[in-house]
Structure formats: C-alpha cells, structure tokens
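The next block holds one structure in the form of structure tokens; read it before the comments.
Each chain carries a letter (A, B, C and D) given by its place in the written order, and its residues are counted from 1.
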C-alpha cells in the first residue's frame, strides 16, 4: 500500500529539474520534503529557497511545525530572504514556486482567499501567501493539494487569488499538467482510477496521453526515509 | 539614555486604533509575550500588519483587539491548521481582512521606508485581490511601458519585534531568519524591541556581527526571556506545541482572560 | 594663529545638536571630525551615520584617505547602510546632512555637477553625491567649503544640483545661515573681516545680527587633538 | 559545478558595450584587479554604474573603455582629488556623464532587482538633474497625492564585486561595509566575484555568518588575493597610496598599457 503522502512527495520531486531555483513557503511540508528528495536524487544542483532565507538547507534538524522555521537556516550555505526571493521572481529569475490553495479550476486558477462572496465571505481562508505574485512570475508554478474532491477541483472559483504560469497540479489521486491554458489529466497514481477521479473532480476530465504514475521506486523510498525520518511529508494528511 | 522599560509600560504608549507591524513569521520569532500583554491591556481597533501571521493574530482576534489584518497568510500552518478566531472575526464582520500577497505587504512597507506613497509591484496581474481592495491601483510607466499595479504604503505606528540580543540603547541583533523585521523597523513610526538577552553597552562595538536594528530607530527595549514563546526563537527554544494547543482549546474571550492572567503571574 | 581647518571643524561641530541623526558622505573629513568632536563635547547622543554603514563609530583607527572607509565600521554599534540612510532621509527621519559643492548661491542653491553649459561642460565636477535628494529631505542641510572666493560663492549657479533645506554654509572666513530663503552672514571667523568677505563673495553680503565666531575653546582644541591626531580635518586644505 | 576560473577568462565573457556595475565605494573594496584586466582586454563602450567611483572609473576612462558613467560622485575624495581622465573624457565629449544622486543609482538598481521599469524617488525635487537627463520622469500618485519623480531602471549586464571570502560554487561573503554590492548582484544579469580567499565547499554551512551573495546569482569566481588593491579591503589591506599616485602620474593611455603589463606580470 502506497501512502498518498509518499506518492505526492515523489511526484513533486520528479518535477524539479537539476539547477532550477525552487521556492516553497509556509504550510509546505510536502514540497519541502520533495525538494530535499530531488536534491538527493536527480537534481543535486537545484536551489532550495524558502521563507527563512537559508539557501540549500540540508535540514539535519527535523522540527515538525513550520516550513518557514530556522531549521531551514542553520546549515544553509547562503542567505536570501523572502523579500529577495520575491524580487528574484519579479525579475524573472525564479524557476519553480510551489503553491497550494483550496479551490482550483481547469484553467490554472487558484483560490486561497475565501469561500462565498468576497464582500461577505462564508469562510475566510488563510490567504494566498505569495501566490498572487509568484504564480504570474515564476517560470512554473507547481500546485499541490492533499484533498481531491468536487469542493477542491471546481468548475468556477469563488474568488480568483491568482492565475498565471501554473504548470502542474498534484493531488492524492493524480497529476494534472497544463496544456494551452487547460488542466489535462496527465497520470493516475497507483490505486486510483479514472472514474474515481472524474467523480471527485468538479471540472471535466480531459487528457491526450494518459499515463499511470510510476510508483515510488526503492531508491525514492529509501531516500525519503533518510531525509524525512520524522515523516513531515505526512503532516498535512495527519491534520486533515 | 537607557530605553529599558517593562512590557506593560512600553505597551501603554500604544493607543487604541494603532497600526502595528508584528515581527516573525507564523510560529517563528513572533513577539508573543508582547501580544499577550496587548490583549491584557484590552487594546481596541488595532490594525495588524504581517506577511504571515498565526497565533499572534488569532489571539488578538479572540481578545477583541483587532480592527483589521493586512497579511498574505494567516494560519498555524499544517499542524494546527486555520486560525479559528481570525476566521470567525472576519466571517462575522468584526475583523476586516485586507488580504495581500505577502510581497505586497513587503512592497507597502518598503514604500513607507522609502518615504513613498506607493510602490509598484511587478507580479500582481490576474487576481481578484486587485478589484477587491482599494489599496491596489495602477500607474503607467512614464518611459513608454505598460500599466503597473501599485500598492499603497503601509506606515505602521509601531513595529514590535522580538530579538535574541539588544542593549539598553536599543541596538538589536537578530540571529538567523530576519523575516520582515528589519524592514518593519524602518517602515514604522516607532519600534518596540523585546529581547531574550540584554547585553552591556559597547558589546556590539566589539562584535563583527553588528545589530541590524540601530538604537535610534528604537523607542523602548524590554528584557523578555522567552518573549517569542510559544513561537520558536533560534538558539533559544522551539515551538511550544502544548502551549499553542492550550490556547486553541480556549472556548471564548473570557477563558482567554483567565489564561492570560495565569501566564502573567508566572511571567512577572 | 587659528588654522581654518580647526575653526571650521569647531563651527560645524557646534551646529550639531544632541540626539540628532547626522550623515556625512565621501570627501567629508571636516564633517566627520566635527561629528566626533560634537559627540565628545556637547552632543554625546548625536547619531553618526555614514556611507560604510557603521553607526556611531569611534574611529579609533585613523585612516587618512576616505571618509567612507571601514574605519567607520569596525567599532560601530550597529549597521545602517547608505541605502538605509537615504531611505531614512526620504521618510523625514534624518536631522542633518553635511554636503559640499563647488558653487553656492545666496538662496541655498548648490552646484556640484559642472562648470559651463550642462550639454557641453567646460569642467566636469565630481557630482553632488547625495545632495540632490538629501538637501530637499533632511531637516537641515549644512554646507561647507574650504574655499571662499567669487568663483565659489556666486550670484548665479552654472547648474543647480540641489536646493532645499540648506540651513548653514561654513567657509574658512565665515558662517552664513539661511533666513527666509536667503543666505545671511551670521558670524565672521577670527582673522577675517567683512570687507574681505564681501570682496570674495559673488552675491551681496547681507546680515541682521552680525557676530564674531567664537574662536575654538581650549576644550574644543584639546578634544580635536584627541579625536583627530592624524589631522584629517586639514586634508582638504592640504590638497588645495 | 565549480565556477572558479581565471580573471582573463572570466572577463572575456563581457562584451564591448556591456553595462557594468562595479562594487565598493571610492577607494574602498573596488574590484581593481578586474578593472585592470578590463583595460588590458581593451573593452570598448562600457557603461559603468556605481554610486561613488574613483580610480576604477578613472582608469577605464584613460584606457578608452568607457562610453558612459551612471554615478552620483566620481572622485578620489579629498586626498587625491578629482578624477583627471574621467573629467577629460567628459569634457572632450568621449565619455557621457549620467549624473545621478547616489540614491537614484540605488533606486534604479532596486527597480531592476524588483523587476520594475522605474522606481519613484521621494527626494528629487528642485534640481537641474531632472531636466538634464532623460532617465528622470514623473508619475502621479494614483491614491490622490502629488506628482513624484521616478528614475528609470538600470539593469547592468554584469556586476563585478570583490569580497573577502567565496567558495567555488559562488557563495560570497563580504566583511564590513557592503556598499551597494549585494543590490548590484540582484540587479545585474550576471555576477563576477573576485575573492581574497576561496574557502572549502561547506565552509559557510558551518558558519553563522551566511554569505550575502548566494551561489546561484554568481557566474564566475576568481581567486584574487589583493583583488581590491590599491583600494582598501577590510581585514586585509588599506589603500595603497603609492600605487594610486603612480597611476595618477601616468601621462597617457600608452603609458597605462605598459603600467598594466608590469602589474600583469607580477600578478600572474
């Protein structure tokens, strides 16, 4: 049995290419672990940027609470603050930004702001953090969400926090990629099937070249165990 | 010229309705003891400014201190989840949520630090944030380029930051992640520093690590060991999860008052 | 015999009030020494800001070449970069900026840019450094110049580098202060007289309350010797 | 992934006509050995950017490398006085002087670093600089305020900075005054670092003093002890007054060639 957190961490890691500058923010344990995994496996020269400002942390310390804490600083090899990262993206120098949200549409739109009417919201969400400026400016914005249902993948967003350079959306069931402004189903994770996905998705499922997501390899699982013994990659699932 | 004072005295200078920038990020190096005391003093109508807030914002919302929150993100991150009191405050119309991209908070603070009424923001394009909030506008590039989104300056009345070391004059040194703290001290009219440790005058003169916050920007200094707890403080303590959970278990504002009083007795 | 450099350092120092934030830039040895002098005597809490970014240096090291070097850093008590100082002034937080130039008019205008026509200058000067933004924004801009002649104090500037909050102009002969937009002669240094000043000034000399500049006191001279044993205050005179 | 290379090779990548930001300030931590090599390679049409330049700008003007200088101040300060070759170049129309307030250089670099076409500048008001130079313009505050001066972005093709320590990857640490160096590395398209000392990979991971310049912004690293001399370098050497005087005694560009060759032979 493959845990969704392991599968998602591995899929996110595989999307990182060697040498890319990659940022994740708060509440981002899955991308944080994915980044460490990618650097350990196929992308040793990817650059790990984060809110605390430590460049390329090894995260020998495993604090569980924050993906913006000083465990991303202490063994970093340089300083590059959150403001610096944003500036980098604004001038076109950020390759990848990992971002999440609560609603996603089929055109790469993200809502992390609110449910209901924006002038009188039914649910006030945490907010998009960097999304509104990073999704339009990073070369690729990779989205992830640990829920996959019709309230999450919707036909129409209640509020458009950001739209722009979204390239991927990874859920516990599958991996979408953007093609000509539309989210196409790219691969289905082990254990899921297209009917389940369609029944849990609020927008029409379309694809051109449908694949099975390769399950985590032994090397990937071993590396995951090594870099994330505290199972931070599962923290979003534990708190569901 | 010592600026050392007690936390209650320092915070008495902050009037109801003040705009406050709070240092740190989520559950990291937030000036929590000062936040507790703001709640104890029952401030009203505070306008909070932060890129990513958590228990600081949530507690002040429960205590009824908050008029508005200018932030990019308000949540305890994944482990403790959403901020229930902030949410409820906004949903019931008591708290105004001025959502920003974290970067537009930075840009708005930079505008103030640079003495400008606004700051252009390259990245803010297709987003309902622009239409929903009057602090966004556009200007045209006078060098023949396109229209640009700009964000209105945020000029906090006070910045409150917690640091590892300070001297009595107000020179303050942060170890590790700075977050937006230094910018906040430059954007705000006045600065309150709480510090784990008060070092002797002259200490920093002999150090190669100069304070990032110079004394002349600082109005009050409070010696407050564990002043960021239950958020973390590098080289001192991690997040105190039990304390956060204890706060989140409080049913209402009345319970908070008792809870804060408990902590006040042990702290003083 | 009082040296002009001593007299000027003392006059500049006396203009600094306790607790003020005070900035000087490059080529500014006289204000640099004046600042140290003021802090030692009547203004211990004045804040010494400079290009290197060291706040309140004691300048135990006496390097002669630069007033922007790291001798202003090593024993400073905090960091505040040049950009920080400019920002401070832009938002109204800088009390005093010391600035110089090559031409000055009777209305507080400064030319540090060029002699002749700006499209085809006869002499290219070093440039105003911070003048164009500091003179309009600092509470008080204090000017000094080690020359006092009709080419320096002119009726009309060849080029207006900056105008704004000029409060004082100190020369080897005298001290002008601004009153209602006009440079009035305020005090005459020992050894000078009003005829000499008038003959060496390109704009009309006007005054309302003319004084003699009090010569350096014994305390001032002793402090000068102590803080400036290398005679940096005289460097601009040596290079004339 | 070592970016270590020789200075001649590193500078071959810089084409004629490039816009170059030079680190340091006047005779302090300027990348002088790189400047010597630029002159040796007879670059043409360089557009220099600096808040306050001295021998770096002057030498490149004498060598005929310079098209324009965007700076607030160009002089050796009081001791050695004006820059004769810069002056002559401007006065004879060979070098274009784009005078800035030092702060508008900073603002123009910030604009590039922030991905903006321009930056508002609060302080630039009554000055002929505004009318003389097309890189100044005005915009109106869209929040109902006044007109503001703005400066056009400066986006250097290269920033060249000299630091005390770097590793082979390009992580670079400056001790003491930063001047505008860090901003320059963020505003420029590419960065060349010359360093007094090359530290082993991992050195900075164990240090509490993190490099202010991260490796991924840096394209080439050159091990160049005394690379700022004859300007000063904190913890290494003061200004070499004899060397500055020796340069200032050169009668013409031909003499400079011989003088640079002398220094090239001893340096390599």
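Everything that follows uses one rule, which is that a residue touches a chain if its C-beta (ideal position, glycine included) is under 8 Å from a C-beta of that chain, and two chains touch if they have at least 3 such contacts.
Worth saying up front: this structure is predicted, and the values here are computed from it rather than measured.
A.B. asks: Which chains are in contact with both subunit B and subunit C?
C.D. replies: D
A.B. asks: Which whole number of Å gives the spacing of the CA centres of subunit A and subunit B?
C.D. replies: From the centre of subunit A to the centre of subunit B is 27 Å.
A.B. asks: Suppose each chain is reduced to the average of its Cα coordinates; what separation in Å results between subunit A and subunit C?
C.D. replies: Roughly 56 Å, centre to centre.
A.B. asks: Distance-wise, how many Å sit between the C-alpha centres of subunit B and subunit D, to the nearest whole number?
C.D. replies: The answer is 37 Å.
A.B. asks: Which residues of subunit C are in contact with two or more other chains?
C.D. replies: 54, 73, 89-91, 137
A.B. asks: Can you list the residues of subunit D that touch 2 or more other chains?
C.D. replies: Counting only residues that touch two or more other chains, subunit D contributes 114-116, 122-123.
A.B. asks: Could you list each pair of chains that touch, in label order?
C.D. replies: By the stated definition, chains touch in these pairs: A-B, A-D, B-C, B-D, C-D.
A.B. asks: Can you list the subunit B residues touching subunit C in their complex?
C.D. replies: Within the complex, subunit B touches subunit C at residues 1, 112-116, 167, 169, 171, 186, 202, 204-206, 210-216.
A.B. asks: Can you list the subunit B residues touching subunit D in their complex?
C.D. replies: Subunit B reaches subunit D through residues 114-120, 122-123, 137-143, 145, 148, 150, 152, 175, 208-209.
A.B. asks: Hey, which residues of subunit C end up touching subunit B in the complex?
C.D. replies: Listed in rising order, the residues are 21, 45, 47, 54-55, 58, 73, 75-80, 84, 87-92, 137.
A.B. asks: Quick check on the complex: what are the subunit D residues that touch subunit C?
C.D. replies: These residues of subunit D touch subunit C: 25-28, 51-52, 71-75, 77-83, 86-87, 90-91, 93, 97, 99-104, 106, 121-129, 132, 176-180, 183, 232, 234, 238-239, 241.
A.B. asks: Where on subunit C does subunit D make contact in their complex?
C.D. replies: For this pair, the touching residues of subunit C are 25-27, 29, 51-54, 63-70, 72-74, 81-83, 86, 89-91, 113-114, 118-134, 136-137, 159-164, 235-236, 239.
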